[in-house]
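Just below is one structure, and these are the notes that go with it.
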Amino acid sequence: MTQILQLDAVSKAFGAVTVADDLSYGLEEGEALGVLGPNGAGKTSMFNLITGTLKPDAGRITFAGDDITALGAARRSRSGIARSFQVPQPFTHMTVFENAMVAATQSAGLAGREAERLCIEVLDQTELLDKANDRAGGLTLLNRKRLELTRALCAKPRLLLLDEIAGGLTEAECTALIATIKSIHASGVSIIWIEHVVHALMAVVERLIVIDFGRKIAEGEPKAIMDSPEVQEIYLGIEADA
Amino acid sequence: MSTDIRISRTSNAAKVAAVLGALIVVILIAAPYWAGRADLRLMGEIFLYLALASLWNLLAGYAGLVSVGQQAYVGFGGYMLFALTIFSGLPPLVAIALAGLLGALISIPVAALIFRLRGAYFAIGTWVMAEVFRLVFAQVSALGGGSGTSLPTDIVRSMADGRSAREALSYWLALGAALIVVTAVYLLLRSRKGLALTAIRDNELASASLGIDIWRTKFFVYVVTSGLTAIVGALIFLQKLRISPDAAFSVNDWTAFVIFIVVIGGIGTIEGPIIGTIVFFLLRETLADLGTIYLMVLGLVAIVVMLKAPQGVWGFIRHRFDLQLFPLGYRVERSKDS
Amino acid sequence: MDFVNALVQGTLLGGLYALFAAGLSLIFGVMRLVNIAHGDLIVLAAYLGLTTTVALGVHPLVALIVVVPAMAGIGYVLQRAVLNHTLGDDILPPLLVTFGLSVIIQNALLEGYSADPQKMDAGALETASVALGPLSLGVLPLLTFAIAVAVIAGLQWCFYRTPLGRAFRATSDNQDIAQLMGLNKRHVFGLAMALALAVTAVAGILLGIRTSFDPSVGGGRLIFGFEAVIIGGLGNLWGTLVGGVILGVAQTVGATINPGWQLLAGHIAFLVILAVRPNGLFPRISA
Amino acid sequence: MPDPILKLNGLDAFYGDFQALYGVELSVHEGEVLAIIGANGAGKTTMLRSISGLITNDAAQISYRGQQIGNARPDVVAQMGLAMVPEGRQLFPSLSVEENLMIGGRVNRKGPWNLRRVYDLFPILEERRAQASTSLSGGQQQMVAIGRALMSNPDLIMFDEISLGLAPVIIRDIYKALPGIVGGGMSAVIVEQDITKALAVSSRVYCLQEGRVSLEGRSDTVSRDEIARAYFGVE
């Protein structure tokens, strides 16, 4: 297997608040990695560092063999890194279909019919086709999350970063989402998934890392990680002495 | 399953508008044969203002680059027309095209500097650049220094035989400039780059994450707009036949009025500048006798529109009737049997 | 010797530019508003001063007693009635509305005072000078510079040592949370604009004593003020004074070389600093 | 039961142009600690912003001590005795620690809280009083945010995601301090992701799901299963 992503000793701080502290890990091509950690642990900042929205203070990020540390967000997107935002960031004045077209034309670099066909396909897969002509600003939270996933997929990513995409969904919606993500994964896309809905995560990922205060505090096979007392205390708030 | 789905980029209203528009264009092309000399001059001025307004709208309404210094390129274009025809002996039409090219070129270092400023400071930075242009041209004594110069009569004569032929040519150039600018803006906004611009306007964070290089996109729009503005500037002073630093780089004439036009008509729409130009000239032709009062009324109307109806006249119409004469979007249509 | 003289005169001129800039800097610092009509308001203050001196027969500096509160009142009302409605994430409404105001003020002044240049008569103050070695320093430029330093020191004190300044800073940091602290942001912004225009009043009177003015000169004053703010660094009041001085010196040195280069030299100094230090010399806040 | 001091009467609130709350009915009684739980995006923060006046609603949809405040300005609401500790602390970075607290005291209401008492509650803040608030650790910043809200001597204090981004030991300390804060008749609304903590300190709990109240009950009697159903919408 080849390495698709590698973080080497990446650090980032805002004043007294450290969001990434000597963070290192790698991801194999086609692997699905889950990320756990309490709110404010620096998980979303880690995504910002990988996508180029944030520049690290120190460290190196390699994607598909290239050092991308100095590249901007747009270049990284075009090279195959796509993400969904935890707080959805739709283009509110554009329709759902046009939102998808932005990804297909600008990131995936498609044009004309080819771009349109991809968007229709993905919208069908993410169950947004009925809303294709709706303005994105008027969507419900669930549909905004679906739109996040849609846009990320229309970018034809090699690496897909999902940020709490299952939060706030009903059980049935969650089950459908898991099936979608599994099929994306099966098509060969590498995935890093930040999620609080642990059972959803466990259904898809092959490996877990746990982050707190910007540091990687555990890494390994999902079941073993979830059973470790340290993780239980930090992540679930269950106190070791309680 | 996607066979019964098609993507449409037009609407019935737009088709009707296109036919009507083509008809109006034909009538306007024929204007030298039916309009009087004064009307022709006025219409020429209207088209040049329409071109300026459409360009400023592209810059501010779509690329978010709120410039109050576009007079820099109007004046630059005007001076280039004079300099290239007087010093290099180029035919005026070639000089006009070259003025556009040079305007685009000079806007590159300007952009590199003022793109360091954000928001409203960018706006005033553009004004400083326009002042620099004005002061520099005022130093060129070969072009009349601070008091300016006239276009030599032999150059004017070289354009066409006879006064009415020259005035018709000047009119057609103005009409052509307006048509080219509006069409160019429309095609740009329908293109892949236009989609990027619209996305940036909505959400910069998401745009960057979807592969859009925000700086480059804005830079591209700034350079293209500046070049086209310089061409319009050259045409403006081809009409006036006389240029001076104060007239060429007037913030009121080439920027304040243009901004008022766009805002009153509806910023961020292609239709807005067209409506705004009509409103502006209606106001001017009815109130011009009032002098300074007219300008105060204009300022007041712009303020009231911005505060009470920031989408302008066209924004109001579009909202009310769901109308778009220049369709930019995509509609997904599914056949009934799906 | 010419050069040293230009340096000194430029520094003193910088005091006036710092006064143009201080109000601009203040309102940007508190509410991120850039007021295109700022220069026209300076000119308005000069005309108010002129009318006051003529009507009451007082010295222009005495007219400050009338013009400062008048401009402060105009500022408060303008902010509450108009400018507060333009604030938000979109920069276009404040820009356009202040642009509209600029056109209105200019033309109202034209209507009221005509386009003829006017000047305020400050009597002996205009020509008085003191000798400093070989240099002859005008008392008026010296006084202007001293007033600029005093005004900026006063603003600095107000900003960092008084409850009002605390309210300004809190509202500037985070409008939502400031309101949760019981601050009415519309009122706070009104006070900030009142204070800014009070400073503008001082600047306008000093401008009107120093040179002749007409309704069209506002744009130039706005640009000088703006350049001083950017050179000094956004949000830094003392930096604004330094910015004003750099601009003044560049202009007088430029004029020494070639009279036509005075304004150009100032703009070029600004552009050079923008190129090498885009955040100004002493930035405090990012734009 | 006496009239509640705060009542939401069918609150419909919008977050931008999308509706975040649908007909929410809720009441807070004098001296009670109420917990509000719910997943991300359930509408909790929109609710607190509506109550505090940062989001404008129909006047009648929110009443406070009998007055309709749904469309009142936030500074007026603050003067009436409602205070908020916002999510993510949101201190004023240009103000020192003490200035942050003093600006909280601008709402000049009578009551036990003043600088002295806040410093007694969080002694570390007195040591750091002259420092910039940005130089503090997350836990200390949370103390300033709480102190700042207390300085207005509110009748009702609202905490939004009080433990967000704080180490467990710090969260424990802050929850330990809570009884000392909300005792003495002050009512409190606590929005919290950590359900265990929320239930432990509150007397009643509401759960929001997709903008609607999905559960209302006494904190000591609701079962984990009920909460799981209300939280995730499990059928």
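Lettered A, B, C and D in written order, each chain numbered from 1.
Basically, a residue touches a chain if its C-beta (ideal position, glycine included) is under 8 Å from a C-beta of that chain, and two chains touch if they have at least 3 such contacts.
Listed by chain with UniProt protein names: A = Amino acid/amide ABC transporter ATP-binding protein 1, HAAT family; B = Amino acid/amide ABC transporter membrane protein 2, HAAT family; C = Amino acid/amide ABC transporter membrane protein 1, HAAT family; D = Amino acid/amide ABC transporter ATP-binding protein 2, HAAT family.
Quick caveat, the model's predicted, so the values are computed rather than measured.
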- Along the shortest chain of touching chains, how many steps lie between chain A and chain C? 2
- Note on the structure: Any chain touching chain B and chain D at once appears in the list A, C
- Note on the structure: Max Cα-centre separation from chain C goes to chain A
- Query: How many Å are there between the centre of chain C and the centre of chain D, using C-alpha atoms for each centre?
  - Reply: 43
- Query: Between chain A and chain D, what's the gap in Å when you average each chain's C-alpha atoms?
  - Reply: 31
- Note on the structure: Check: chain A positions touching at least 2 other chains come out as 92
- Please list all residues of chain C that touch 2 or more other chains. none
- Query: Which chain B residues touch at least two other chains?
  - Reply: none
- Counting only chain pairs that touch, give me the topology of the graph as line, ring, star, complete or other. ring
- Query: What are all the chain pairs that meet the touch criterion?
  - Reply: A-B, A-D, B-C, C-D
- Note on the structure: In the complex, chain D touches chain A at residues 16-18, 39-42, 134-138, 161, 164-168, 171-172, 193-194, 196-197, 210, 232-235
- Query: Where on chain A is chain B touching in the complex?
  - Reply: 51-53, 72-75, 77-78, 82-83, 85, 89-95, 97-98, 101-103, 105-109, 111, 116-117, 120-121, 124, 129, 132-133, 151, 155
- Quick one: which bits of chain C touch chain B in the complex? Just the residue numbers, please. 32-34, 36, 82, 85-86, 91-97, 99-104, 106-108, 110-111, 219-220, 222-223, 226-227, 230, 234, 260-261, 263-264, 267-268, 270-271, 274-275, 278, 287
- Item | Residue ranges of chain B in contact with chain C within the complex | 60, 66, 68, 113-114, 116-121, 123-125, 127-128, 131-132, 135-136, 138-139, 251-252, 256, 259-260, 263, 267, 292-293, 295-296, 298-300, 302-303, 306-307, 310
- Item | Residue ranges of chain A touching chain D (in the complex, touch as defined) | 15-17, 38-41, 86, 92, 137-142, 144, 164, 167-172, 174, 196-197, 213, 233-234, 237-239
